[in-house]
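Sharing a structure, written as structure tokens. Questions coming.
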Amino acid sequence: MSGVVVTGCPRAPLTVVDGLGACGVATVHEAQGRKGLLQSHLRPIYRGAQIAGSAVTVSLAPADNWMIHVAVEQCQEGDVVVIAPTSPSDQGYFGELLAQSMIARKVRGLVIEAGTRDTAELARLGFPVWSKAVSAQGTVKETIGSVNVPIVCAGQAIQPGDVIVADDDGVCVVKRGEAEAVLKAAQAREQKEATTRARLQAGELGLDIYGMRERLADKGLRYVAYGDTKEG
Amino acid sequence: MSGVVVTGCPRAPLTVVDGLGACGVATVHEAQGRKGLLQSHLRPIYRGAQIAGSAVTVSLAPADNWMIHVAVEQCQEGDVVVIAPTSPSDQGYFGELLAQSMIARKVRGLVIEAGTRDTAELARLGFPVWSKAVSAQGTVKETIGSVNVPIVCAGQAIQPGDVIVADDDGVCVVKRGEAEAVLKAAQAREQKEATTRARLQAGELGLDIYGMRERLADKGLRYVAYGDTKEG
Amino acid sequence: MSGVVVTGCPRAPLTVVDGLGACGVATVHEAQGRKGLLQSHLRPIYRGAQIAGSAVTVSLAPADNWMIHVAVEQCQEGDVVVIAPTSPSDQGYFGELLAQSMIARKVRGLVIEAGTRDTAELARLGFPVWSKAVSAQGTVKETIGSVNVPIVCAGQAIQPGDVIVADDDGVCVVKRGEAEAVLKAAQAREQKEATTRARLQAGELGLDIYGMRERLADKGLRYVAYGDTKEG
Amino acid sequence: MSGVVVTGCPRAPLTVVDGLGACGVATVHEAQGRKGLLQSHLRPIYRGAQIAGSAVTVSLAPADNWMIHVAVEQCQEGDVVVIAPTSPSDQGYFGELLAQSMIARKVRGLVIEAGTRDTAELARLGFPVWSKAVSAQGTVKETIGSVNVPIVCAGQAIQPGDVIVADDDGVCVVKRGEAEAVLKAAQAREQKEATTRARLQAGELGLDIYGMRERLADKGLRYVAYGDTKEG
Amino acid sequence: MSGVVVTGCPRAPLTVVDGLGACGVATVHEAQGRKGLLQSHLRPIYRGAQIAGSAVTVSLAPADNWMIHVAVEQCQEGDVVVIAPTSPSDQGYFGELLAQSMIARKVRGLVIEAGTRDTAELARLGFPVWSKAVSAQGTVKETIGSVNVPIVCAGQAIQPGDVIVADDDGVCVVKRGEAEAVLKAAQAREQKEATTRARLQAGELGLDIYGMRERLADKGLRYVAYGDTKEG
Amino acid sequence: MSGVVVTGCPRAPLTVVDGLGACGVATVHEAQGRKGLLQSHLRPIYRGAQIAGSAVTVSLAPADNWMIHVAVEQCQEGDVVVIAPTSPSDQGYFGELLAQSMIARKVRGLVIEAGTRDTAELARLGFPVWSKAVSAQGTVKETIGSVNVPIVCAGQAIQPGDVIVADDDGVCVVKRGEAEAVLKAAQAREQKEATTRARLQAGELGLDIYGMRERLADKGLRYVAYGDTKEG
């Protein structure tokens, strides 16, 4: 499938995408049964961004960013570009000019299993990137790759059109066909957590709220007063 | 000692703890003879926090955060929770709900040789965490561990009630029985540094303030003008 | 060359140094033909600093910061101190007091293939450091090294007087003798990018601006509509 | 798909699998267009093994090896077990007893994005493992996962029945449906390399055998005698 | 406790030490309830060694191996020297000459949270070392440390006289006072495993030997034939 | 200097090169004042090789091995090829066919700040490689670099014609102009070590041979009998 650009990929409805973005990575990841989390070496280049978008996937040769230019043409409002080189690389594939081009198409951010640069400008522009490295080392435009084919990025298989959720905690992928169900589960989880939060803030203990004491005792947990232990 | 919660552990006086916190990690570490520094892969999830507190220690199974709920009940004002899994792990053992519970008990922060999540919310709440990783990957509640037993966290042996000092430079542990003496040494160091600082700001050189020139010459240090060297 | 301090090293003109600083790392690195970039594990201790200066180089023994005091005396306005230990180390060789001394001499920042400490104070002082680690672990003053000799720092050979450019993207070295030519190339590059930026912001595609479509087709890039692919 | 064991997965013919194993990782990877290589942090626990087999895939919870026992039952002669935990882990999921069980079913080896143990015994048994770590730290049997579902292991998407090739260079996956074509291409490549090898052994240069001189000159490569360069 | 050499530390009986060595790391670690395993970045410099010995502990300054010479005098037959610098270091603290000295005192091996050198000679001499790194970079003899004080090495608290077990799987520490009980548990474990091994070699499944099928079904594990799944 | 091949570079006499090779890395590194050691992440692909040779240096683009073919033509008996990409890379730039070509020219080995492949075949051929990684991932031939220009490899500045010494401990560079003097110092060191070795083997302590006891006492080292310490 190398050298292919797939056009016209379907996306999840923007309302669903936006709903997932509002929930954030930790909640969405839990809500879909703890799957889809990208590896934690992908870090945001600046703090505080929280987005969701439909994946435009890019598979490219190491040290070659040509296909990102190709990918921009396939982007539309609400997309997130997800990039994985075919072998490990920390170079800076992406910078401020490409960001300008994506902003013009209302792309929401970038996830890249490699390096990025112009990070100060990207922060000023408010264009968030989750990357493995920051590096000013540029790339060439010699080898073609593919756009909107299935890729593996930071340990997760990603299809074009899957929903990407990203915030300070990292990046999570939701399969397009499951996005609506996951949104419902995430929102239910948020409501339930709101109640728990209020009780915790009031000083109740998780031990009591979740009824953990009996099961802990069954497992053998013992309480010993300091001074009654040799080593304590 | 697995499966044990030690209750009623003694702490250092809060005035001593607070004094150490005001000095910060680098000063305290120097003042106690350069011991007690936790490994530098523990990093704060946000910049600018500077705390000290009495350690409530938690030893737990990898990928299992059950004992943190148990530990909260043992916390009191001025404590810092210190967590080490029994084998290496980067998962997210701690998030915003547990932070709410700790804040309700006036816990000052968390040190964890593993991962944390909900980092944006933790920053908004002003609840600082020093961790090895940020990860949204949750944990289970299947296996019991221990609270307030001696643990090793990021390369340091820590007893419950030891004083933990943490800031942007990292984390340092002061043995409870030495806390008062270390505080005095740290404050003395700060006073001495204030004088040195003023002289350095005025343009004096460390070479002169510390009287280093003679010893450097004894060791064989030579000054050569540029142009008189072949390679310079 | 161990145990040598070379005095009176020539620098590039400050106007040239300042010009390079205004361009930033990514532009300067491209402008000089993609050479001189230090390895990306050197990271700024705080965001937003962008500097250039003439290198005062320091070669020192691992865990020994004595030569930094020696180096300060060799510094003048517009310098950047560049430090490499003779074997790998993450300890904290540099802190607030040394920064005060450098600020008094109008040094612009520090690049160190090792650790630094007092990072919160350094940020408050506005004295930027690019380092491999943050660590409160201090160093000794037992062994002499050299100042203003050629060193290798984070993978780059650096001569005293070379121009160091550093920002959120990392650190780049420009040979002193090439600084003026590189500045011209960098400024030319900036002007060209300004035009491209405007076109990208207006929604034009890089594919068209750079005329990439034909060459991509020559390399065999194919466009396939979603649904016409088996795997897409 | 969690909690599912897929039975009766088809495999490629053993003659094709064996042919790929004889070619080795580097040749097979090149022959299929440089795709399918697992990340290089997977290393063999001992040197000299070279195998190929049909993938039995295992997705399991971190620190939990229960599903390996489930997977053994699904194995047949010529299989290779491929394991990925759902979050990163270095613990020792696999040891000598499980190897005995796999040997009894004529399994050829194991690929695991995690840790293994009993490595001396595994070497004595001649049961090769490619793993991310060696660790004696055992795992629990608390959580179910899945067998023979699609997984991502060390950066590659792997389907049950895909062909795994592994040797001292690492691990490569060949899609089941492409195995026969890849084998032909690999064997063709080997034949061509045999001719090249003979010429290189006889002292001919790659520059001449591959006809590189003209293209290098076109790109601007210059030859300069030592002494005619300032820096050489 | 810096600058102290504790003499005459008690050891476990050599018969107990030898028994633990015969069991190996994985078995001993399991037998004592999965505690005491040193971090897996400690690797043997050559394959095939399997030892146990009584710990002579060494705490030393980074890049300074002076205290190893001091420690040798404290060694006796059956000891293992365990070394941890007070801050992280990869330098080569130990080489062939020190090994000769230890061999003369019938020391069985070395565990060091740092680097070693002369590894080819050490292999020829049959003196095993478990280390974090291999490095020819030597160290100085300027700063005193301590011998036979409690240390933390690779994440484990170690007392002088504790039993160290080490093989290709890594390193494990057994508290001196628990050594005899752990040996009994380890030998019992070995006997039980011998029975299980025979059944596995005969082709029985762990699923049946350990009676796992019912509990797996209770947890919800489902078996689905290939072809009856959409994604399988 | 990109795109340049420097021909006819002078080498040190082969007798000197061979003498250095016989001494090995640790001895040579000490003999030249502990400089010139390459970073310890360069590891031999197999154990037991010990070589020295004159450096043929190669600077090449990341993921592009074209210049290795160019370099072979510049090699003669007794050379070692030293390769550094212009940005970090772990791909497999070198394999068995290039090794055949180098063996035909009596090249002794390869040092590469990147990856290598065909490692089993290279071991069979007895062609040693010190590399940062093992990877079957091939490279392209699109971009020119330079041969026999100064490079930085694994943290050391290397000139063509410098002497490279490599063994199981790592890799060290000796400047060509210093090779003869370093050889003499290394051989003197070996003779002195032979005497020390004999005394250590006979059971004498380094403490006595090197006369360390007095200086240790001056620094404050105290001996305390077990039982007379609270913590010992």
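Order as written gives the chain letters A, B, C, D, E and F; numbering starts at 1 within each chain.
Throughout what follows, a residue touches a chain if its C-beta (ideal position, glycine included) is under 8 Å from a C-beta of that chain, and two chains touch if they have at least 3 such contacts.
Here the structure is a predicted model, which is why all the values come from computation and not from measurement.
Looking at the partners of subunit D and subunit F together, the chains they share are A, E. Shared contact partners of subunit B and subunit F, listed by label: A, C, D, E. Repeating the D-F interface with over half of its contact pairs identical by residue number, the matching pair from C-E, A-D or E-F is E-F.
Copies subunit E and subunit F of the same chain sequence form an interface built mainly from non-equivalent positions, shared numbers / all numbers used being under half. A centroid comparison over C-alpha atoms places C as the chain most distant from subunit E. Inter-chain spacing, taken between the CA centroids of subunit A and subunit F, is 42 Å.
Per-chain CA centroids place subunit B at a distance of 30 Å from subunit C.
Of all residues in subunit C, those that touch two or more other chains are 34, 37, 40, 87-88, 90, 135, 137, 143, 150. Of all possible chain pairs, those that touch are A-B, A-C, A-D, A-F, B-C, B-D, B-E, C-E, C-F, D-E, D-F, E-F. On the side of subunit D, the complex with subunit E involves touching residues 1, 3-10, 46, 66, 69-70, 72-73, 90, 92, 95-98, 100-101, 103-105, 115, 117-120, 123, 133-138, 141, 143-144, 148-150, 160. Here subunit F touches subunit E in the complex through residues 24-26, 29-30, 34, 37, 40, 43, 47-48, 50, 167-170, 172, 193, 196-197, 200-203, 205-207, 210, 212, 216, 219-227, 229, 231-232, going by the rule given at the top. Within the complex formed with subunit A, the residues of subunit F that make contact are 61-63, 87-91, 135, 137, 140, 142-143. Residues 2, 33-35, 37, 39-40, 86-88, 150, 152, 155-157 of subunit B are the ones touching subunit E in the complex.
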